[in-house]
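Structures follow.
The same chain A turns up in both complexes below, where it pairs with chain B and then with chain C.
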Partner chain A sequence: MVTATMPATGRQKTRTRIRVLEDERWLALTLLTPTAVLLGLFIAYPFIEGVYLSLSASRVGVPGEFVGLKNFEKIWNDGIFRTAVWNTFWYTGITTVFKLFLGLWLALLLNRHFKGKAYIRAAILLPFIIPTVLSTFAWKWMFDPTFSVINWALFKLGFISARINWLGDPDLAMTSIIIVNIWRGIPFFAISLLAGLQTISPELQEAAAIDGAKPWQRFWHVTWPLLLPVTMVVVLFSVIQTFADFQLVYVMTGGGPANATHLFATYAYQIGIGTGLLSEGAAISLAMFPFLLLIVIVQLLYIRRVEVR
Partner chain B sequence: MPRISRRKLLHSTAGAAAMTSGGLAAILASGRAPAYAQGTQIHWLKWNDYVPAADVLLRNQMLGEAQKALGFKINLETIGLNDLQARATAAIQAQSGADIIMAFNNNAQLYTESTVDVSDVCEEIAAKQGGFYDLSKAQSHDGKKWVAVPYCIIGTMIAYRKSWFDEIGVTKFPETWDAYREVGKKLKAKGRPLGQSLGHTVGDAPAFAYPLLWSFGGREVEADGKTVKLNSKETVESIKFMTAFWKDAHDEGGLAWDDSNNNRAFLSGTISSTLNGASIYIEALRKPDQYQTEKGVQIKTDIQHAPLPKGAQGQYGVHPFQNHMVMGYSKNQKAAKDFLRWFHSPEVYEKWFIVQQGYATGPTKSWEDHKIWDKDPVMAPYRVAGRLGRVYGYAGPAGQKAAEVLSKYIVVDMYAKAVQGMPAEDAAKWADGEVKKIYGA
Partner chain C sequence: MAQVVIRNLNKKFDEVHAVKDVNLNINDKEFIVFVGPSGCGKTTTLRMVAGLESITSGDILINDTVVNELPPMDRDIAMVFQNYALYPHMSVYDNMAFGLKMRKFDKAEIGKRVQEAADILDIGQLLKRKPRQLSGGQRQRVALGRAIVRHPQVFLFDEPLSNLDAKLRVQMRVELKKLHNRLGTTAIYVTHDQVEAMTLGDRVVVMKDGLVQQVGAPLELYNQPANRFVAGFIGSPAMNFAPVAMAERDGAIWLEGPEFRIKPPEPVASRLRGHAGKEVVLGIRPEDLRLANGADSADLAFEATVEVTEQLGSEILLDLKAGPGQMVAALEPTAPAKVGDRLRLAINPNRLHVFDARSEAAI
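So, the complex of A and B:
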């Protein structure tokens, strides 16, 4: 008797469970839970911890007391921080413009039919695939103050008579890291935009051509509007990544010469890890947040407008 | 044959060790390792030595000997000098990581709350080895206790190409900054500039910038450790001097150099003189045929060493310093201390000291008398490095605030900004403002 009732109870439980899950609200909650847990653990928790750190006076190994906005006040009056803010905007702005134009150009070229297309498309991705630190070390050698191969080549070709101080001059150091970031970022733009281009039906192009549209007109009035939503998403990703860039600058210049190439992330690292002032480092990192939030909101709104249109 | 179980073996060795317990001397005398829980291992994190042979010696020989003497295994991990601080910070925050971590200059002062009091080890070493240099104590003692065990002092001297100096009629290394500038001017005109890092790098750049400041009479803070007077007439003078000196005599790529750039530049014959540890000379000795002068002579025969020149207010040097912290989170604190005791016992440390060939000198005074200094006259100036030299933070204490000023590269950047075109007065004012924020003045 006992053994006969057990399976019946089990079946009943299963049925109750199924009935609960038939309710969409419960089903949604069940399906969303793993994601929510993951997001909570790996995004919300570190973020809240970061906010807490930035409001305390913690140093390495010393949990500090709550000090309110004192750390933000301190960095606001910090000249190096202001340089880092300006550098970050300049670095992100310039690189994004170049990556977009060069990436788009490359995507348009790759969208044509030619021999060995598949191989070239794969090869284009190389700068993006190689670990950043590794490729940046190679670039560091190319820009080395003494042994720069770029200087050597320019000298041998007769373009320069004295060495160019790539990483030692503040403006050239910034230019150098911008060049490397563009080199590394173009493949991401090119491949993503190429994917976007391939979704555009060739018939539209043909119809425009029959109507007498020139190549430039076909690009401007047909390709570009259709590519715009993809472009905006790619730009959004790139801006977020570039704004928070760390490894490239850390390897190339360490933020020098004389803080000329510090970005938010490298300066936060120097203060938080190098100097051991964790709370001040956290404040510098967090100062990035409102800027990024604003950029993201503007771009997302724009994307929605484009899509609605 | 009776079987001896692991438990029995451990038990008997533990008993024997307990009987002979009486510090390292007793352990060595008994010739038997003291007992540690089975599987005890310590993790030692230090830099990649600029004398690679020293790391080879540690790995291939000394750590094996340590295991025999102490009864536990030592895992050595070496990383780049500029990455040490990041690892220490991460380990302290995570409360897990290496048991012993090497610190550079006064960095150990940043972590005083997270390290173990090693006064017992230090006092033992000091008593037997002629006492620590003031330099060693200032960097490793927080005023109450020893926070790290002094490891070694890396003497910094100027390495210069004797034949190139001879060619312009300079047979004796210039004694004053002005004379050095004149010499540098002539050398740069011949395409053989002086080389100096003014970049964000922990070794050479501050070891040059601070002594320059002091020799003109400038200082970041007064002896009270509170009054910041960096923006002084003397500091401005030193900046003006450096700006002209840089343009006249230096390889201007130095703004981007790390601690190894000048080594490469010197050995490849692009610079004539540079402030450095002895690593350039030691590398030239190690590979005599690889490094040759433009005349095909081994470069090692053309290297001489000299201290930084004098200024109006004296002659100074900073000799990069290293010590070992036993970490507060470590579960093997006793083993870590025993290892450091063992490593610094004279007969053990001597093996490592000899391989260094003078690049690293001992943190205690007795190492000045070692016969190694009579072997090579080129290395002789490094013998008393520990006695000379000031510590970062002068005239204040080498505590946390001095460590913060150093790790933010404020003094280095003051000069770097000026050589990039900022007026000397503005550079001094900027640096003074930054230092005041740190000292809370």
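So, the complex of A and C:
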């Protein structure tokens, strides 16, 4: 017996330790500590550091002193920042509407029985699985002013007579980015909504059919209300991700042409890292925070209301 | 006012032939019960009548109109599902009103009908609740209410009581019967529970492997089962079966098992006469056995050993070993029987059943 050879004091210590853990308050504290440390180290600390950075005048190599809201004042008067704010809202709004509509449509199609269903469902996920940078590079080629396959196809089909400079024109560049984001985001919507659809008992559709509801009425009165909680969560995630999107714009246009396609994240990167104005960059990315917070609060409240119903 | 006619109905799912040549005339106001083990095709048949399943071949007529191609909503039927299928996001009132709203009834009429149905089913105080705030029995009532408000031609029930606990099931069974007596709507009811079938049905359709085994009034199925399957399926505890050889000696018919031989009386004997020498199966219901006394003829009695006793209060069930076979006897609860006892049992001579061993048809 191991315990028999242990010195009496050691045994007692072990016992006291165990007794301390029998108290739920101590046990809870012990179990929560690792999580709290991780969250503090990797989320709270960088966030607070970011807030401090945005309130100081740091540049690369210059520690900088506290300057209050000066950085925010500066970006408020910055025309490119204003464009980036507008772009971010436009980009998030338009893509979310399209992703929801197309994703839902796809989910409804995939929810039917057909041969090879499993393969199609897996294939649908491809845009989501491929690393964004990789797929965005492919799209960049497709939108390339000289080698664009889209231009080639449109030309061969007789729709256009001259090349379209997809990424060179400010409006077209934004549209191109929006298209790629929609393409990339649909699988997430489709698969999540499909999962939601599958929790809805087919008996309800049958009951509604017998009750005299036509297909669109069945969707509107039965499927849609029951899918709403899932839809809200999916939209919430998507909005947060899209709002803070970086990779896609960075690879496609780098914020160009002439800073016309910047989003919060890319502009913050350009100013903070590219130009080395760390504080200003921090201020730009922090400017996202109130908007995101508001979106999250509104949606969470809405989700709660829907779930309570 | 609705008759339902099913004519040569067939359903194939890929390789499975789920429903085979079903023919049935359901009269107006009749309560028909389809019963059989799972996978026998009873639910598929019901779903074809509802229009939820396509028909491979054959016809379904409601009031002399072929409805094969009609969508469910145009068949003027209402269905009660096994899992109730209440719309979870709607109140009880909205659940019941939905079918009427879809059919564009005016508000006053909807209100009137829902109230009427709620009164019949005694759920008036639940109208504002959501389905998840209801107990199983209450949900079942709401599902019934949703069917009633429509005043359909035919009610379809798909195992509506199987999710309820035993006590509630008995209670709802009685209520269903009352409801049918009151409304008089033609009803098709699917269940795997033979007690439900016997108690509810004006006529019962027994199905197995997609084939109709027998159609008849409950007592008809009990007294004159068409084959061994129906005999074993209807009645609880199930009928005892013993393979016996049939011999004709001195003009009398004998059924001989390994440890017993009985001489069936007329008219069973004359029915058997043409089948002498054939392998047959003897069927005796547990309730048709009793303890033999001295007056009983040796021709209709046999000995068996008690293996298990099950006292139910109203009767006692004895699991017996009779020769190589097992048997169950349902006796008076006071019958003196202990495990290990060797008993002499007499058979009610008028209630013998004999089946062809090969075709399983009743002789």
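By our rule, the second predicted complex is superposed on the first by the 286 of 309 C-alpha atoms of A that agree within 3 Å, B and C clash if a C-alpha of one lies under 4 Å from a C-alpha of the other, contacts with A are read in each partner's own complex, and residues count from 1 in each chain.
The working rule: a contact is a pair of C-beta atoms (placed from the backbone, for glycine too) under 8 Å apart; a residue touches a chain by one contact, two chains touch by 3 or more.
All figures in this text were calculated on a predicted structure; none of them were measured in a lab.
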Overlaying on chain A: chain B and chain C, fit or clash?
-> fit
Of the two partner chains, chain B (first) and chain C (second), which one does A:His221 touch, if any: first, second, both, or neither?
-> second
Check the contacts made with chain A and report whether chain B or chain C touches more of its residues.
-> B
Once the structures are superposed on A, label A:Gly212 by its partner contacts, choosing first (chain B), second (chain C), both or neither.
-> second
Looking at the overlay, does A:Thr275 come into contact with chain B only (first), chain C only (second), both, or neither?
-> first
In the combined three-chain arrangement, what's the angle at chain A toward chain B and chain C (CA centres, steps of 10°)?
-> 150
Go through the superposed model and pick first if A:Leu204 touches only chain B, second if only chain C, both, or neither.
-> second
Which partner does A:Asp169 reach: the first (chain B), the second (chain C), both, or neither?
-> first
Smallest inter-chain Cα gap (chain B/chain C, superposed on A) in whole Å equals 51
The chain C residues in contact with chain A across the complex are 50-52, 71-73, 77-79, 81-83, 85, 87-89, 98-99, 102-103, 130, 146, 150
What residues on chain B touch chain A, complex-wise?
-> 82, 85-86, 88-90, 92-93, 110-111, 113-114, 198-201, 251-258, 261, 264-265, 268, 270, 328, 403-404, 407-409, 412-413, 416-417, 420, 430, 433-434, 437
Listed in rising order, the residues of chain A that touch chain B in the complex are 59-62, 74, 77-80, 144-147, 163, 165-170, 173, 253-260, 269-278
Which bits of chain A are touching chain C when the two form their complex?
-> 201, 203-204, 206-214, 217, 221-222, 225-226, 309
